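Across the two complexes that follow, subunit A remains constant while its partner is subunit B and subsequently subunit C.
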Partner chain A sequence: MSMTTDTPTNPEVDSGSPGHTPTGSRKGRRSGSVTGTARLASALVSPTLLVLAVVVMYPIIAALYQSLFVSGQRLDAQGFVVEGRQFVGLGTYADILFGPAAERFWNAFWNTTFFTVVTVALETVLGMAMALVMHQAFRGRGLVRASVLVPWAIPTAVSALLWRWIFAPDGVANAILDQQVLWSSQAFASKIAVITAEVWKTAPFVGLLVLAGLQVISREVHEAATVDGASAWRRFWHITLPLVKPALVVAVLFRMLDALRMFDLPFILIGQQKDSVETLSMLAFSEATNVHYGPAAAYATLLFAYVALIAFVFVKLLGADVIGEARSQVTKSRGARFRRGKGSAR
Partner chain B sequence: MTTATGDARRTTRRRFEIKKWLPILGVAGIVLYCLAPFYWMVVTAFRRPADQYDLSPLPRTWSVENFLAVFEPGTGFGRALLNSLIVASTTTILTLIIGTSTAYALARLAFRGKNLVLSLIIATSMFPGISLIVPLLRLFTDIGWINTYQAMILPSLSFALPLAVWNLTMFFRQMPQELEQAAMVDGCTPGQAFRRIIVPLAAPGMFTTAILTFILAWNEFIIALSMVNEQNMQTVTVAISKFTGATQYDQPFGTQMAAGVIVTIPLVIGVLIFQRRIIAGLTSGGLK
Partner chain C sequence: MKTLRWRPVSVMMVAAFVVAGCGGGGGDSSTSSEISGRGPITFATGKDVTGAVTQAVETWNGSHPDQRVRLIELPADGDQQRQQMVQNAQTESGAFTVLDLDNVWNAEFAANRWVVELPKDEFDFSPFLESAMKTARYRDRLFSVPAYSDGGLLYYRKDLLNKVDAQPPTTRKQMREICAKVLKLPAAEGMSCYAGQHAKYEGLTVNFAEAVHGAGGQIVNDQGQPTVDSQEALRGLETMVEGFRSGIIPRAAIAYKEQPNKRAFIGGELVFSRNWPFMWSQANADDGSSKVAGKFAVAPLPGITGKGVSSLGGHNLAISSFAENKATALDFIKFYTSKKQQRQRLVKGSLAPTRSALYDDPELQRKYPYLDTLKKSIQSAEPRPRVVNYGDVTLAIQDEVYAAISGDKKPDKALNALQRRLEKLIEQK
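Here is the complex of A and B:
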């Protein structure tokens, strides 16, 4: 957009800073300091890249490799028992997608997708509502800000236990609803329990992200629209929403990627190997703990591919600005606004 | 005519009243939504085990019996707290040491492929934990790292490091460029400018990053669950998930809630003290 025209904070554009501006056109005189900068940069960046190569890149590639083998005892074509690792190529994937493991895989796949779509949709709507309230609120602002952080700070393991207690047969949920729902064993009820707990924990967080986006919108835009006679709804739909969209898209992307790897919550709240709530992460975990490394690696790889696909779609089609080219501008202008508006805001 | 204007005035006044009360109602709604489940955990923890299923908003008789049950020998809870502390603080320190210099380079130095590196680092934080754990579990089994701290700390860097690098990069970008320029005019090399000028001034940003990283590492579950199968190496989130308590109830919810309160209260206090910093860090990072 047109926002990218003035970028005084951007070091590349900020000419006149000695030793900092190896813009291709004027090397030569400064080439010495350019190589110096490059050497320093690679020295500073490489430790992080090295660690990430060990703990992220290696496992991803190793999982792909391991998924091509099966290990343990099996019967070969002649009916003899064979031990050890055997190369099966894409055989494990065929089993998972169409063969004997397909039912469990697709169940986990649909559970994961269902949880992701439903929780992220609810979080977005609730988070948006919370952000609008927080943006309007003058009284109790500190209280809201503090309480919004509480669900986020509680470990998922603890919040899963907490919701298991709330959804216990004699728990407070059944007492409030005046029902006798068996939340942990009825299929649909246990899905609802997981969704409730997840949305409780993360909607306030989405609210915070959206609030940060809202605070960037200058009041003048709203005032002008009000003077022109735009209703509150139209102002929301035509001004607020388009302007917070960049922040919202990034928030939704991060929430989706997080929801796709959901593990702790269904694992503790409902339990292991429950068809109704088993996610792809839980399925891979259960295979790995049973030392079925081949299938576990295949599930892990499939989940990774799914996550990568979603991320790709968001970045390419919806233009999620993840590394914050535009958002660095936003932060800057927010800072400027904050400094300018400090006197009048309090 | 007169009635019409009267009606109009009444509706405007009613609208004004609604406008005045709506934000307060909204605030109350948000606070209730966020705190009610947490409140229920605290209340349950302070009931006597016999009153566990009471639904009264305050305990009939306040009791710390549940808290004593948490620390009874055999639960391994104290040890688990220590393990979590070791894993989370080591992860935080390592992350800051490795991440700060990288973030500085990404924010300040101009070099080829900078955006690619930053995108790559951010991308790694999106990878599902289980995709990393399955191969690492096998690797750590082969090299005898199961039930060690490093088997939990090293994989934790996979989510901690990208978050820290991103947050610190944003922080460094906001610091005025003139600082290093002045230092370099005075004859510092970029490296010296970083060590002598930037690091001391970056302390607030590093502190915020440290809090966020510590909370994420403290709350981590799936890595700790996979890499450890001995009780005395469990972190607290794993211990709590396996908690059957010491008292002989079929479901010791009271004990579990007491354990939850113990694990959560330090975080909640920290969050309340540093809320401004945390929110600034979260909204600039947008991660997790």
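Here is the complex of A and C:
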């Protein structure tokens, strides 16, 4: 949370200055104009920050605050629930991390992590392959592009229902495999079912973003490499992949953030309270439906912290270009981007 | 590269939407428990599939133009109905006046003061089924009125039992013996003996409670203390586990809810099936959708050591604490649970009544040949545990019982763990 405290002033300096400050300005001149620019900039963006504070910061803080309380835990002499809530501090978190709820929490934590790693890895490979196919010029390309997107266009709840029928005891999957796998009850089988449905649904998303990345790669680079005698594999590995990396990294980041929140697919496909597929979001939901708002808020806050941590690490390590920084760099020097793109992670 | 600063922030904002959905709750309540005021009200109930509820509301509105009832149809799924009603209570909204509660929610809604206490002396409950009335009270005070009832039935293949000259079983042991003979028949090729509802959901709690009660045990005793570490409860759970291990219950049945169970029975895969009365008309459909039309009958559920005990299904009507025009609401409940209205809903919607006289009506018995058996089932039925945090209790039961029937835990270990969890859940209260 502390990271957000210095947001109101700094970003404006950074994003505002390239336009106003002439390139190659000296340090003394810069600091003189910055205070005025910064003040104007913060005045201009303050409505946005206000909206963000209401729709983003308030729910986070409210959830955090709520997680410090429990309610409805005691009955009075007539059997009525004692109203109001008690402050328990970090007691709920202690219960979740080390106490009676720990087993369920860590199980959900590892499920969430497992699903994220496996599905995002599969989606990246498949999405990449889809993008490469869609990028080729061939007859019926438009049809292929459109049809690849169909799974992505279907709402998750609906596709989960479709897959539930496929994975029913007397469903299509068992008929094809000619075996009686109980997809909704066997631990490993249900994980496979969720992964299959998730990859089916979201690989096209990765494919689409990568395709967009592929299309900005200039044809000349490939032609030059071909003239130099590079094989197809070498061209892919040393030209396509580095150049498409910015788009790919953003796609993977978005998929990871999405997969960490995974809820509706296992919920509908396999069901509630199934240890093998229970994710952190499902835990929070399950507590909230049983009117335990304190623990529900605690689970949501822990998930939030986990998502934020993963995203932060990911951005640091791979330098995902989330806010279109590269675009502003490109306007400065187009060539520099290509050089950097070819090299390792900045 | 100063812009790096922005990144964690923007990332956190993306992540923030994860928690944005959570919040609410708390707040003071200004409950008015007085039943007064007349005027338009609403009736929140599950999806009215048959149109029987709509018909009742229209009848009321015809005779009460200035106290109209507006029907609010909630989703068909019970958990979602409860969620919407709880949310309505948490926000102290007056949107729902009369609530159609699953009878296991009575204690929770009463203890949280989400529904008002009803005046006992304004009703004559003597014609009502006593087992259904148990679900209407909380600590000897009346909070709801039973409007529908439901009990489990043992569906059996009359044609096959006749071939081996067997009567419908009254114990699980007899059922196994009959199966041993029936499954040797050429006509029973590829069939399985029995299935109930064993998927991990509310139906598993229902089936487990029936096994425990059928072995003479209790999940929660009359003083409200959990007693699942008893020999009787163990006997009940072992019967379920043994059913799967010996193959009496087919392996696929561990994923059965009501509908897959029905599909298996009407597809001719089962000799015996535990299901609700709704299956009767679909199993008896002569349009070719059922392979067992005219070949089956129903009996009360078999017991394990004693007589069979069904879990009691059904819905009760209650009045939200936060709504206006509670006097109208009380009148509407009286009207809705009257003999005439219950009869109409049975005829139009096959909804089982809570007044015992209707089960003996010869005209209705001709239309619904299972009525007599259903009455026996409901009369001897036991409600599921009547505890304030039923949601937590049923989840704990499902966890441990499912672990036992899927072979992950020994039955005695599962019951010990369940006992400890229930003690903790009920002690908190």
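Criterion: the second predicted complex is superposed on the first by the 259 of 346 C-alpha atoms of A that agree within 3 Å, B and C clash if a C-alpha of one lies under 4 Å from a C-alpha of the other, contacts with A are read in each partner's own complex, and residues count from 1 in each chain.
One rule holds in what follows: a residue touches a chain if its C-beta (ideal position, glycine included) is under 8 Å from a C-beta of that chain, and two chains touch if they have at least 3 such contacts.
Fair warning: this is a prediction, and the values are worked out from it, not measured in the lab.
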Superposition-derived comparison: subunit B or subunit C, residues of subunit A touched: B
A:Gln273 touches, of subunit B and subunit C: first, second, both or neither? second
First, second, both or neither for A:Asn290, with subunit B first and subunit C second: second
Which superposed partner A:Ser184 touches (first subunit B, second subunit C, both, neither): second
First (subunit B), second (subunit C), both or neither touched by A:Pro151: first
First (subunit B), second (subunit C), both or neither touched by A:Pro100: second
Contacts of A:Phe312 with subunit B and subunit C, given as first, second, both or neither: second
Shared subunit A contacts, counted only where both subunit B and subunit C touch the same residue: 11, 14, 52, 55-57, 59-60, 62-63, 66, 168, 170, 257, 260-261, 281, 284, 288-289, 293, 296-297, 300-301, 303-304, 307, 311, 322-323
Subunit A-touching residues of subunit C, taken from the complex the two chains share: 2-3, 5-26, 28-29, 79, 82-83, 86, 90, 110-113, 138-139, 199-201, 251-252, 254-255, 260, 263, 388-389, 391-392, 395, 398-399, 406, 424, 428-429
Sites on subunit A touched by subunit B in the complex: 9, 11-12, 14, 17-23, 36-38, 40-42, 44-45, 47-49, 51-52, 54-60, 62-63, 66, 129-130, 133-134, 136-140, 142-163, 165-166, 168, 170, 172, 175, 200, 204-205, 207-209, 211-212, 250-251, 254, 257-258, 260-261, 263-264, 267-268, 280-281, 284-285, 288-289, 293, 296-297, 299-301, 303-304, 307, 311, 322-324, 328, 331-332, 335
Touching residues on subunit B, where the partner in the complex is subunit A: 22-24, 26-27, 29-31, 33-35, 37-38, 40-41, 44, 53, 55, 98-99, 101-102, 104-112, 114-115, 117-124, 126-139, 154-155, 157-158, 161-162, 165, 170, 173-174, 177, 181, 184-185, 189-191, 215, 218-219, 221-222, 225-226, 237-238, 240-241, 243, 251, 253, 256-257, 260, 263-264, 267-268, 270-272, 275, 278-279, 282-284, 286-288
Subunit A residues touching subunit C - in the complex, by the definition given at the top: 3-4, 6-7, 10-11, 13-15, 52, 55-57, 59-60, 62-63, 66, 69, 71-75, 78-81, 83-85, 100, 168-170, 180, 182, 184-185, 257, 260-261, 271-274, 281, 284, 286, 288-291, 293, 296-297, 300-301, 303-304, 307-308, 311-312, 315, 322-323, 325
